[in-house]
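Just so it is clear, A, B, C, D, E and F label the chains in written order, and each chain counts residues from 1 on its own.
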């Protein structure tokens, strides 16, 4: 059985990892859709799709299960979004998403959908991590070690701080 | 004489119907532009263009005058929007719209434009109807009977409630 | 029952009319998709979507059955095309098309598809009509009278001749 | 040496002129990128790219240095934006911009970037000028004379007032 | 009076220059539209819009008349093309073009159009120049000196030869 | 070291596999770009990006080296193509491609590029395989066993035959 998981992963964190490990107890393969693939260099979406693919691949490597990372750009056309995802991914049997709109769109196309149990959502969230990066607080403990390395390599925290200035204009 | 009427019709309601019946006293044919055709499954724009075309066609059937329903997507390029509409519609002589921007754009291209008198705008508005749907209040009395049937057939109210959750994330 | 018919209608001719009259013996309503809606002013596609909608509406008026004319632009993404059509049209039960690709795409999405019997295809075809217009031969007898009137009003034959020169460059 | 300056110029004002005159003391040629070229007829972006090119060209004429005005539309894809600008402009050696995001994107692609000193930013800003136009206050003193002439010719102030109504809907 | 001239300028050659010098005897300012601005690195369109703007600006500099170079991408929507050009250029009074489609589109929008007399078209044409570049024959004599310099600086001839191989695949 | 390999993979065949196995002797990780990702259901491009990803993943599974499959749509803007690929992929050090245009574009952006030695190109090519499928000749021996299974599961040969009819219209 193959499952689909949709997220923006800005950045990929331990909450995502936790969800994936639980899904992998139930399915054989996982298709990970990197949403808003065209977005980067903004406070909400600091990292490019390529950078996010790297984070996920490095963090999941040791778990040794088969997964795909597929970047998918926003199309601003909700009723076309599921067929768009279908055309760019291997066939899947079930969809996991915390977002009711995503679940609604897949359900209207006949898919089985499930809401993953999120693990400590206040702490393990992209928004919280980006906030800590900006404030200079600890964020490393919220992401897998390999993700922290990728972010450091691309000067991710500095990028976020520069973007903050831009936002204030 | 052929008139053009622009709207999003989310959903088509008795205020729209009232405006159309008045326009039809003055012209022979009506081109109804379904704006934001690509938008659906959001709180502001819950229904697809196809669903909106169905609502309008069913509600106007009994009045037996000639009309066209043309879905037009947003193009985010205001100075191109009128030529875009022109290329997808039969020629028209006059434009009716409650929106000053729409009137300005058509006027700058040399069209005669008119502001339709709206009938009880606070009550008969898409926003009010969507609000009542979400709160579980009476909305059926604000739309033509045929529109209520279409919305029920596609589980429109449930869709809106699910979208509301999504918005809270 | 509602049927869908797909065509480019460059221009709408008696072969199209013949097919539609036969379909209308079997269904209640007809959705006519005007394909390649963005194309005009070329030898293959001389007329705008708006002009084509006008031709069809005038030619079908006297038959007095319910139909919709929906302009749909090419999206160069075959696997998304059917969902794109679905989002812009009222729900339909059966698809009529002479084009095997169109039939394949709808069939893969679970639709019932039928190939309409074409009436004298060599004579009644858009290509033949455009060829006759360019050569100054009789084309009026191949299209409904109302279509000939629309084409004359917009100087369609002269447009085609000018485009021919352009093609020779 | 050739410099690049990025702005929306809604409208072009004396602050812009001041910055350009200072840049021209340091470089030989200037490429002026008219950003958000597709935007017009909104309160934030009232003027078309063509109108803005005209304002700039008329205001700079008397200074007699070589410059290019290149309209560039938004592409909603930050990591592609610099290569997009590169493909539409002559090669440049340095980038001037008051916007930290623009500076970040060019810096990540290896460009030398500089922040121009703005001259009385509260007064000489597009936002302030648009506000004064709407309120009927003096705005002419904030723009070069030639710009005021262009705005009057196209009824720019009236356009802005009509757009304001639209916004209130 | 302001004229508009449309071309692809792949590359800008003495035939173009000749046409422009004649137009400048009749008008005050010239808007030069660089068509197919998004195209480059193909045999038909080897040079980027930025490179073409540079060629034109350098070649026209000594003639000392006011002109604008505006890159315009293809939009595959003929009936929208003229309004698209209008939105990105200063207002113009007359259009010069050797292409009948371009003249038809502007004429249908009410513009005065003129066909420029081409000077020795067989010799001074982009196609002939690209052919000579590929065959290693003299092409320099067909373009202004400044254009030859730009092409050499960007290794234009080598680029064309590499593209030829690609085409043979 | 990470390499990038670009192809359309219509379908993935033993020639591709051979190239990949040789590249993997020289690098640590491989990014496989599935080009023309939006294309499917045509004779040149019968399979969707999702189907092609599945073919590649199944065929490479047993070799047990780390690779990424990234679908990339055509953007008809050659000078933007490399930055587009960069934004959707993890950073790479070297590019392998049999196509001179692809090699030119990456070389102009400063990448090291290599032309892979193709193994029996006349026999092991997408075109040859599609031709054999249409003629009913042996094609299975030209693709990895896992690819043949995917193609059978999706009725790929029948799809191609239907498309052929479409092409004849």
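Basically, a residue touches a chain if its C-beta (ideal position, glycine included) is under 8 Å from a C-beta of that chain, and two chains touch if they have at least 3 such contacts.
Every value quoted in this text rests on a predicted model; they were computed, and no experiment measured them.
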Selected from C-E, A-F or B-C, interface repeating C-F by over half of its contact pairs: C-E
Approximate Å spacing (C-alpha centroids) for the pair chain B, chain E: 44
Separation of chain A from chain B, taking each centre as the mean of its C-alpha atoms, in whole Å: 36
Interface hub residues of chain E, defined as touching at least two other chains: 38, 40, 48, 77, 79-80, 86-87
Touch-based graph of the chains, sorted into line, ring, star, complete or other: other
Touching residues on chain D, where the partner in the complex is chain F: 77, 79-80, 82-84, 86-87
Contact footprint of chain E on chain C as seen in their complex: 38-42, 48, 159, 162-163, 165-166, 169
Residues of chain B defined as touching chain C within the complex: 37-38, 40, 48-51, 53-54, 57, 61, 66, 68-71, 86-91
Chain E partner contacts - residues on chain F that touch it in the complex: 76-80, 98-101, 103-105
